[in-house]
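Chain IDs A, B, C and D follow the sequence of writing; residue 1 opens each chain.
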Amino acid sequence: MTKSKAEIGVAFLGVGRMGETHLRNLAAVNGVRVRVVADPILEAAEHGRELCGADRAIANTEEAILDPAVDAVIIVTPTDTHARLIETAVLAGKAVFSEKPIALDLAETKRVVDLIDQKGAAVQLGFMRRFDPGYAEAKKRIDQGELGRIESFRALSRDTYPPPLKFLLQSGGSFLDMAVHDLDLARFLVGEVEEVSAWGTVLIDDRFAQAQDTDTAVVMLKFKNGALGVVEMSRRSKWGYDIRTEVAGADAKVVIEAPQKTPMTMSQEFGARYDHYENFPDRFEAAYRLELQAFFEALKSGQKPSPGAGDALETLRLAIAARRSWQENRPVKISEIQP
Amino acid sequence: MTKSKAEIGVAFLGVGRMGETHLRNLAAVNGVRVRVVADPILEAAEHGRELCGADRAIANTEEAILDPAVDAVIIVTPTDTHARLIETAVLAGKAVFSEKPIALDLAETKRVVDLIDQKGAAVQLGFMRRFDPGYAEAKKRIDQGELGRIESFRALSRDTYPPPLKFLLQSGGSFLDMAVHDLDLARFLVGEVEEVSAWGTVLIDDRFAQAQDTDTAVVMLKFKNGALGVVEMSRRSKWGYDIRTEVAGADAKVVIEAPQKTPMTMSQEFGARYDHYENFPDRFEAAYRLELQAFFEALKSGQKPSPGAGDALETLRLAIAARRSWQENRPVKISEIQP
Amino acid sequence: MTKSKAEIGVAFLGVGRMGETHLRNLAAVNGVRVRVVADPILEAAEHGRELCGADRAIANTEEAILDPAVDAVIIVTPTDTHARLIETAVLAGKAVFSEKPIALDLAETKRVVDLIDQKGAAVQLGFMRRFDPGYAEAKKRIDQGELGRIESFRALSRDTYPPPLKFLLQSGGSFLDMAVHDLDLARFLVGEVEEVSAWGTVLIDDRFAQAQDTDTAVVMLKFKNGALGVVEMSRRSKWGYDIRTEVAGADAKVVIEAPQKTPMTMSQEFGARYDHYENFPDRFEAAYRLELQAFFEALKSGQKPSPGAGDALETLRLAIAARRSWQENRPVKISEIQP
Amino acid sequence: MTKSKAEIGVAFLGVGRMGETHLRNLAAVNGVRVRVVADPILEAAEHGRELCGADRAIANTEEAILDPAVDAVIIVTPTDTHARLIETAVLAGKAVFSEKPIALDLAETKRVVDLIDQKGAAVQLGFMRRFDPGYAEAKKRIDQGELGRIESFRALSRDTYPPPLKFLLQSGGSFLDMAVHDLDLARFLVGEVEEVSAWGTVLIDDRFAQAQDTDTAVVMLKFKNGALGVVEMSRRSKWGYDIRTEVAGADAKVVIEAPQKTPMTMSQEFGARYDHYENFPDRFEAAYRLELQAFFEALKSGQKPSPGAGDALETLRLAIAARRSWQENRPVKISEIQP
């Protein structure tokens, strides 16, 4: 099978559940060829290779990055490997799409961001919600000024299933692992935040207490442009994946929400019922597809992909500020949080 | 208690369930005083009197009409008395609000319409849906030309509970008793109809067969302006009162429907549920209130109230045409149906 | 006109815009007779008398209360008169329905509450939202345990039009005047609050700054039962009256919102549009009607009407705590706020 | 690149707009390898080859079918080639997925169906709506008996853009080209139809009159199980692709509709607006993906794919009956329509 020179050669790292989703989506992106799939578990790598028809499957992720046929690296490995793999790829002159976060530690994140800046590397982080057609449309309306001056922001996120304790212990906690998506939306849709104040508690599952984490939290945001906001977070929702975001301005408001999954409503016994999305893979199916397309389109057109590592760093500062506010029971200015 | 000369004196005839609704609504209409409530069952009349604070309660409806303090008569008596009571009122120079129909018979209806025309009487018939804010807004948009040339009409009506056999036998059948509301909307929102073709069957309840009636029917409409339409009808709905009307034009469409009654949605078990209206009294609560207000506002301003007896006659012709189409299993032109 | 002994005689005080709404609603309540309407502006009183067919209209509110034919007093006068009028009525042995608040001052409110408790008086305050069918249904589901343990609460309120400066200066500020409705819902739906933390700003109108008030605010709530909550508030909404309340529990969540006013949706240019409620009189039309009915039903059945003065006091403490939190830029425990 | 023996080899015929959609979807189906893409326009074939990474691109569709590496043929060529290509494939022992219709002529369709039956071939026709999650869920609920006895069916379809005259002249007319999707749903969701009665007119575009076709039509359906139905059709919709289907039974009803495309609602000027789907490619994006997956899953599991050629034949009879009813202005029994 001959392929045109214009094709972007890809190394794909990490074939877990999220990896499979990305691999399937990759198959539908034009002008891209997965050269190598790597996963420490070789069977997983081989499975990934089959999903996308890649040339080879290997266990060594660094080797995959350094493959000369590889132009871009997609990183879907465990969180604690992101920083090192991004650095390796950037040093090797490769473009990078990595799942968030770069790292849970600010200094480490800053080090990676600095390297990326220094090298002028093309790096995109997986804040997929920005690519959901609802959020993208909201952003467009806001940028066009249709809302007028932004006055308030609200993000609610309820995860369907609480994660296992093992995951909790290495996740950085609910603010860094989960609220981070809403905090990224805050920055994306409204702008930089000046100060946060958070309250958290454990209502759902004692494992969160064991992990010195919170499973139910609220955060107030003070934006630099004067707007106020709130973020609400819960780590379990028996009614499905519950994500709602609102931005209100002087002239209009937008609500981003997809309450109904299947386009069928059933009426019986004096009422009607429709179904909710189960979890992020079905709710953000299009977003995962579109973020990869955007990454490769940016590469092809020579533009910097977005959201980049700088965004990841700023959002991490926000999440750390929120966590600290909760831990220390006081408002925290983002300026306090420095790498 | 003194009352100003400007007050409209009212005779209220018929205190059944519908009558009670009208009586309560009357209490909130300014500038109106119920002088007399009449019902052959004197206890009912007395109960009605109490509901609106009327001066007196009597059994004789004709006597109530002729009361010199009465300017307007509200007729909520059984269908077979409407024609006679309207005529009595019109001959006595009174304004009339009457529940529909004038009569189930075309010749009798025509006789009443002619008398009303001859006397220039102010008569309004109770096609309350026209006053529902949804239908009123749709009408406004259509009249403003926002839909462009009207191309299609659809009305669906499902009654919650099938009526008792006794009612069925004297109702004129489902086309005259029930579809008549949708046919009135067809005329109100689109215009006059040229031809109808109806199919009906008995699926719900054998009593409809006993009454030589149909409980489930569909009707196609050909409008004089070229538009096509359908009316769907069912006499039982286990999920609540199910009314939906659509008008589509070259530029836009309107859908009139109130699927949710209580402004509360409950999410559980991966879905959400809201409730439907139970029946016409809750779905058209505002419409019943607004039709009476419109009647008295018309009287006060010296304008003819609407929909008038002529509308009732034309809509009856339509309903009879649909019934005949079903009975004779052939399309029927409205021009065939003459008093 | 003779009236039965069972009728409740009413003195109605204050015929402004809100008063007119109550007067119209009163007309539809059975077993109630307005004996006297009082307003310092006699023309207003006379207008009110006409609206409900009361026996007489006078300027002196105290005289109205003391009328021996009066069993119950409805107080819709300016805020600074509520406490005195309630006390007068309670001392005279009358039942009271009063618009909220009792007073803006805690000590004064406490004094009134103590008097009411001492006299065992039947007093209901006008937190009408509790009677909106959406909130009432939510309460019912929560009380039936359908949501499981309550974990989070969120109330958003955006008033359509900012009030005039004169009103602002005597309103007690946005927390006492406006957020108070949401704080009452927090107590109604979830339970007592332990601590609040509020941020506020002025984004809409400098008059709020002149009045040392805020026009845009967020509040975090810590409930005694462990749940967390947020209240968001804005004093202007160009898209209509924007009220949304959510309560989530271990098993289910309820959302109370009425996003669509008129049951008509118009589709054109690749989208659909429906209208929002304009303001509290249309959004809470049913609630205003139902709260009065509930008041009189309680009187007739000999039960204490609710929400009572104790509720008003507790909610005032919450509102004052939120205001203090904003003013002093620190979390405030409700236990700090004592009369 | 080595591939496992279990892979299904595919010949893909026809690379127009619809073909591209199917090719992209194919890329995400596991266990399938496109061996050859054929299109009389070789550049189109080559473009198709690139989209799916096929082995080769050729102009000759028959040659592609006969390729020994080919197990299944996907036919997305012009309508008048379907019958011949299906026959060639079936005779060569290949499985077939073909866009509908088999042919516009009943005898030709019957000939193909008979051949398929004789050979026991695995053939699926592209009635994609059946695979839309809304319709699939509705079917499931109906089959589970949740609706009780089915009493009524309603399908509304409004195409966004009227097709060009050239297309109209060879399309078989609106009943065969467009209403056929709704008639297939009628059979899928309710069952076989006994009789139809159709009215049609030309309101949108005189080209329909030139093509002796109708652009606006209504059809009544009498089902063998006693249910009644209506189909409404329009060939232009300025507000987007407008598809709504309803099935009501003794116990419940289902409504299949996707009124909102992007999960964002914008509130401004006292109302809210959301967007509609533009056309079938966005509305039925998932359905196109899922129908191909179902086809290959059937092949892998050795089951007959569905809907098969027999369904296509029965639905064609229905569409021809509706067209004849319109042309001859009389009800037509389906039994009249014989190959």
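FYI, a contact is a pair of C-beta atoms (placed from the backbone, for glycine too) under 8 Å apart; a residue touches a chain by one contact, two chains touch by 3 or more.
Worth saying up front: this structure is predicted, and the values here are computed from it rather than measured.
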item: Both-way neighbours, i.e. chains that touch chain C and touch chain A; value: B, D
item: Most distant chain from chain B, judged by the mean position of its C-alpha atoms; value: A
item: B-C against C-D, pair bridged by the larger set of C-beta contacts; value: B-C
item: Intercentroid distance (Cα basis), chain D paired with chain C, Å; value: 57
item: Length of the line joining the C-alpha centres of chain B and chain D, rounded to whole Å; value: 43
item: Computed distance of Cα centres, chain C from chain B, in Å; value: 37
item: For chain D, residues that touch 2 or more chains besides their own; value: 238-239, 242, 251-253, 267-268
item: Residue ranges of chain C touching chain A (in the complex, touch as defined); value: 149, 151-152, 154, 156, 158, 197, 199-201, 203-204, 216-218, 220, 222, 226-230, 232, 234, 236-239, 242, 246, 248, 250-253, 329, 331
item: Complex interface listing, chain B residues touching chain C; value: 1, 24, 27-28, 30, 50-51, 53, 55, 132-135, 137-138, 141, 146, 251-258, 261-268
item: List of chain A residues in touch with chain B within their complex; value: 238-240, 242, 259-260, 267-276, 278
